[in-house]
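Lettered A, B, C and D in written order, each chain numbered from 1.
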Amino acid sequence: MADVLFAVIQVCMVFAVWSYLYKENLASRIATTIVISISTVFYFMSNMIRVWDVAVIPLTKGRFSMIIPIVLGLLLYTRISKTYSWLSAYSYSIQLGLGTGATLTTLIASSITGLISSTVLKPFQAETTLEQASGIILLIGTILSLTYWIFTKEATGWFGWAVKIGRLFLMASIGMLYAEDVLWAQSIFVGAWQIVIRDFLKNIVLGMG
Amino acid sequence: MAEKSIWQRIGTIDYRLIYLIVALLTAIPLWSPIGTPVTVGPNVKSYADQISDFEPGTVILCSFSGYMTMLPDVEPIYLATWKLLFERDCKIMVLNSHVDSPAVIKEEFEKIKPLENYGKEYGVDYMIFPYQPLPTATEIAFTENIRSVFEQDFYGTPLDDLPMMATIQSANDIDWYFSSDASWGNQRYTIPFGVKQLCWGTGTGLLPFVPPYYDPVIGPCYGYVGGASQGGELEKYTGLLGEGAKINDAKNLGLVGLFLFVIFGNIAYFGEKYAGGD
Amino acid sequence: MKMASSTFWKRDLPLLLIIICAIPMLLWRYIDHPVIKAIYEEVGTWSSIISMLGWGLAVIYLFQGEYANMRQKDDMTTKISFVVLCAFSFLLVANYFITGGLYNDAYQWWYTAFYKSQSQAFYGLMFLYLCSASYRMLRARSLESFVLMAAGLLYLMRSSSMFVLWFPWSRGVGEWIMDYPNKAATTAAVISMAFGSVLIAVRQMIGRERTAIEVA
Amino acid sequence: MGLFYTNRIVEFIWLVIMFVSVWYYIRKAMNDEPLPKIRTIPATLAIEEGIGRSLEMGKPVHFSMGSDGASLTGSGMSTTIASLGMLRFMTKNCAMMGVREIVHLPSQGYAIPLVEGAVREGYLEAGKPEMFRRGDMHYYGNLTAAFTPGVYESFAREGVGLFVHAGSIITYSFPVLEAAKIHGAISVGGTPRWTATYIFAIACDHLFIGEELLAASAQISGNKMLTSGLASEELWKYMAVGLFIIGFLLQAAGIDFASLIKM
């Protein structure tokens, strides 16, 4: 019985959302509201339970340093008050400070020097002429693509051509990103159809499961 | 009002018709599969081969970001990878990186049955961390000392009570890191600790970020599999068949529909440009 | 005098705190000292705890916004929507106390039945939107749009076993686009983005990035 | 055991150059010395035009930094700060022209006060703090599947003249941009998140490609201190191009460039 109810709820939710393609309606609105409440409350509770485990319980057991993040977290709620909202700036400062320092630790090695070195090496690692030529295209393409993000020089003359060719590389990548997302969205679409066809029609209605 | 030319009509098909045709093309094979053969790509082979070459005792940290919405896209990859990993003699730690992930992983392990099918015991061969968001600073603390962030596992057992954790203290003790993100997500492990990376379940547009970091010989990313179609390829290559191969047909026919409409759009554009409004 | 003191507490001290927190975090990369590591181990989790605690604000904003919306508009749909919001939120909280956890089967039954199907159905729609947008936008109007379209379609062909069966060359071409032109553009994008990130981080560390503090 | 890691020297030199160059250009800006001129980024002009158009049409302007576009750590942090700058600029312009602005909040609860603060500051700069209405800040929970229909519904209910969608945006936002188009709005947007750039290329009237968003935010602020940062960033880009070329030549000459750069 629970399986039947489960499949029915699922299929109702799917069609409530898809009815949206026709126009916005009460069913689609309710489906959305249910998900808003589920996602917010579930995430909130999950986080609060975790705060209890990693901060409050250790605090009660004598790890007094945990009072600092708890107070800083609570200070965020001063935003609700007009008079004391400036206190939340301390929470943000500490968050930003920790984030800034931590971000800088690996960014240069991974995303700057690491990428420059792997791009430069590519033509030299090639085993065939095609791979070697492709490696050189990669190197030139990277330099030309980078010119697109140079803002202090007007894109005219030779630099204009460099930017134009660089843009073609960017467009090829954007095209690929688009295709990748089509594939991803299609998988999810198939998943939704599975709920209707496999889980509901075949398993429940026709009893083929 | 001037009547529309043939080109204009081809170029302005009602979007609802497009929705209907593509939706039907996707749904038909789900009812009755066609059975298109799957060909396996080089990156999928490289990914599976790397896992097959794992030495006994290899320590793996799996950053598991599976959540319910994206499961149709990546679950075939996850399931095939779990099976591959459980066939080896590895120590697996699972780091949940999405609020849904603990529920998903519980369900996946119930399907796989590590103890019954592979003789792998919780706490001895694999373990799961609880879900906690890990901002960069927290993640670095985790790499320096796992216990500074997690004192207990997902079930509330202290880490020190899990036999497999006796020798695992920090990222220095981790050999391989599995993650969906090759660019930002891997830095804290690959750069300071030289942990090798494999990318799995790289959906939602993360796949194009892999090539700058991917090299099957020098890394840091040694292999990747992303998207449902590659899930099917992984299943075929490893012989661990599942849902990935089944939904292949639906994906194929849906794409045929999309291609047809793009061709129509271009015929309309060039027809109007060169043949005018006739 | 009072004004100056107020500026110190409201603007200068927060800026100073950013610098004080950021420096040891960064030094961890360059200095091999147990004190720096100990700082990370202690302070690292703070970041996570602060952001987790902040999620309560989301709940406040959600209910406040929906309530204001209901008061503002006098239509039945908004009222029903508000009632559903309250009812489901209550149900989820009550369910936790009844079933004793968030990840047990009883709790997850509710969560999965509603949330999984809705979200998959919704994201699935994106495929249909992408199909209609492809039809409308993927037209070879210029060299750039041709390149975008060709790269996209070739990559789709490479990823579909049916197309690979019909056009076996598409696999190699698709892989090549992914491994070279895409890699070139992605590498450049990542490098320039990294520069942007470093710039903001450096500005914060020398106390010259005020955007977030001014608005906080 | 030494105090310093000796295999991170090149990386450390980069970092020092970055700090020094930022400091150098900040000093120049403080002394009112001329800075390199930044080319106009076309999409920034479209924002002002769009606000004017919304005024003529009597429709509100909508802003969103994405459903989870307010990260305060990692690579998303710089984007969050750039988006806040853009929001502040937009709010100021809307307030001066008397156009209503609706903001669709990101899911991160802890970041909501920052977004609200940017809006308040914008109204304050325009001298119209009373225009701030919390009812015009909409929150949709922690899921894009809820965010997108929420924004969609808001477009249908309130109307939309201009939609600015800029921040650390993920590809799920595509339907939102489609909706703006359906409701007759001008859409301007972009993200430094490379994977999501295509949605703007396909669905936006004016777009910021990649890091252009960060530059645009500095440019529209009109703040010399912010544009000085861009000048130092340009220097790093030239350095990177130089390293690509030098690295290639060294490697061709048989010198191991990879080892040199990882020193």
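Brief remarks follow.
Operating definition for what follows: contacts are C-beta pairs under 8 Å (C-beta built on N, C-alpha and C of every residue); 3 or more make two chains touch, one makes a residue touch a chain.
None of these values were measured; they are calculated from a predicted model.
Fewest steps needed to get from chain A to chain B, stepping only to touching chains, is 1.
Shared contact partners of chain B and chain D are A, C.
The distance from the centre of chain A to the centre of chain D, each centre being the mean of the chain's C-alpha atoms, comes to 16 Å. Here the CA centre of chain B is 18 Å from the CA centre of chain C.
Centres computed as Cα averages put chain A at a distance of 4 Å from chain C. Shared interface positions of chain D, defined as residues touching 2 or more other chains, are 8, 11, 72-75, 77, 109-110, 112-114, 140-143, 145, 149, 171, 174, 194-197, 201-202, 210-211, 230, 237, 240. For chain A, residues touching at least two other chains, in rising order: 20-21, 29, 32, 35-37, 39-40, 42-44, 46-47, 50, 54, 76, 79, 88, 91-92, 95-96, 98-109, 111-112, 115-116, 119, 139, 142-143, 146, 148-149, 170-171, 173-178, 180-184, 186, 188-193. Shared interface positions of chain B, defined as residues touching 2 or more other chains, are 19, 23, 69-72, 99, 132-133, 135-137, 139-140, 149, 183, 192, 204-205, 208-209, 212, 227, 229, 251, 254-255, 258. Chain contacts here are complete: no pair of chains fails to touch. The touching residues of chain B, when paired with chain C in their complex, are 13, 15, 18-19, 22-23, 36-39, 41-42, 68-72, 102-103, 106, 132-142, 144-145, 148-149, 183, 192, 208-209, 211-212, 227, 229-230, 232, 248, 251-259, 261-262, 264-266, 269-270. Remark: chain C residues 25, 28-29, 37, 40-48, 51-52, 103, 108, 111-112, 115-116, 119-120, 123, 127-128, 130-132, 134-136, 138-141, 149, 153, 156, 159-165, 171, 175, 178-179, 182-183, 186-187, 190 touch chain B in the complex.
Chain contact summary for the complex, chain D toward chain A: residues 8, 10-11, 14-15, 36-39, 41, 72-75, 77, 109-110, 112-114, 116, 140-143, 145-146, 149-150, 152-153, 156, 171, 174, 194-199, 201-202, 209-212, 215, 230-231, 234, 237-238, 240-241, 243-245, 247-248, 251-252, 257-258, 261-262. Per the touch definition, chain B reaches chain D in the complex via residues 69, 99, 135-137, 184, 204-206, 208-209. Taken together, the chain C residues at the contact with chain A in this complex read 9-11, 13-15, 17-26, 28-29, 42-60, 62, 77, 80-81, 84-85, 88-89, 92-93, 96, 102, 109, 111-128, 130-131, 134, 143-145, 147-153, 155-156, 159, 176-195, 197-198, 200-202, 204-205, 212-213, 216.
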